[in-house]
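Pasting a structure below so you can have a look.
Chain naming follows the written order as A, B, C, D, E and F, and within any one chain the residues start at number 1.
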């Protein structure tokens, strides 16, 4: 499957926090950390847990630029 | 200024494409390449150009996880 | 590849409009018509054109509910 | 009221999950299911419950395309 | 029609910029100026033009907080 | 630091609701109220509380227009 979302960075899940509706995953990527807030149902369906090799995927229209 | 958006990765602008309303910036970060679609008016206001040291900033609720 | 984005509806591309930075795809799904604004670079990379069998994919945090 | 968000699909609420801040609604649309993560305060204000006839509404810039 | 998106601020369209796929509307609200990037097809369908009384509508999950 | 996100409205935090993963902040801006759903970890990191002077920041691609 090919996805139109342009940005994909490989990493490893460092932490999982699970709430009633939402879950937070902290993913270690090269030179930084990316936090994802997804539904807890997706976390469960994908059995996401610490140590998993994953990619963080982000649509280009969601990316901002900071400078200075 | 501190921003609630959790994710910030430092990089360098590799390419700028400018349209009537939107602009696309390709940013080289340590973990790969991130493409941002922002308004062209923001590109102009921030004078963003190839070679600029910037950060890509992403709200956690916009990040997806892919596996396998 | 499995993706955390929950919503995926199968359909067929009915129309493609291509701008400098962005592209608009109209996709006929069983439940109606869905319009996607993606980068034109993604349209080109995926060679998306009229008649293609695709899925529209949407993160749950991006979905609103209207009533009445 | 007319809204710029292009995509609107009619359906029926099949399930409601309510957390402290967020709520998850599963909506049955023609030939599929759409999950929405909205604030629980919106769920309460709109008195959303199983069986409600609703529309799922999605801004075009939030829609991705998957192929293959 | 009631919409789950929580945030709605009334204002007046001050400027419209129209591209091939996207359009940019600048809206003067009491609290300042809000810029919206919507599809140009939505601008056309709603016949949006300078001087129109509109509301800017934003889903709570899209709002960030800055401090300091 | 300069940010590409175009929209920034000054206000004062009126209410904070804290969940396991997400937090909801209600911010009073001129002539209205804006609700933000951010991660609770960001709320904690920024020590956001009632009475804080903040800005709500919104990317232009996330803003919709309603009319009539």
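Just so it is clear, a contact is a pair of C-beta atoms (placed from the backbone, for glycine too) under 8 Å apart; a residue touches a chain by one contact, two chains touch by 3 or more.
The model shown is predicted, which means the values in this text are computed figures rather than measured ones.
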Shared interface numbering between subunit C and subunit B [over half = same, under half = different]: different
Inter-centroid spacing, subunit E versus subunit B (mean Cα positions, whole Å): 22
Gap in Å, rounded to a whole number, between the CA centres of subunit D and subunit C: 17
Separation of mean Cα positions, subunit C and subunit A [Å, integer]: 21
Chain centre separation in whole Å, for subunit D relative to subunit B (CA means): 29
Subunit A, residues touching no fewer than two other chains: 1-6, 19-22, 24, 35-39, 41-42, 46, 48, 57, 59-62, 64-67
Listing of all chain pairs that touch each other, if any do: A-B, A-C, A-D, A-F, B-C, B-E, B-F, C-D, C-E, D-E, D-F, E-F
Residues of subunit E that touch subunit F when the two form their complex: 3, 5-10, 24-25, 27, 29-38, 42, 46, 48, 52-67
Residues on subunit A engaged by subunit F in the complex (per definition of touch): 17-24, 35, 37, 40, 61-62, 64-68
Complex contacts: residues of subunit F adjacent to subunit A: 1-5, 19-22, 39, 41, 59, 61
Of subunit D, residues touching subunit E in the complex: 1-6, 36-39, 41-43, 46, 48, 57, 59-61
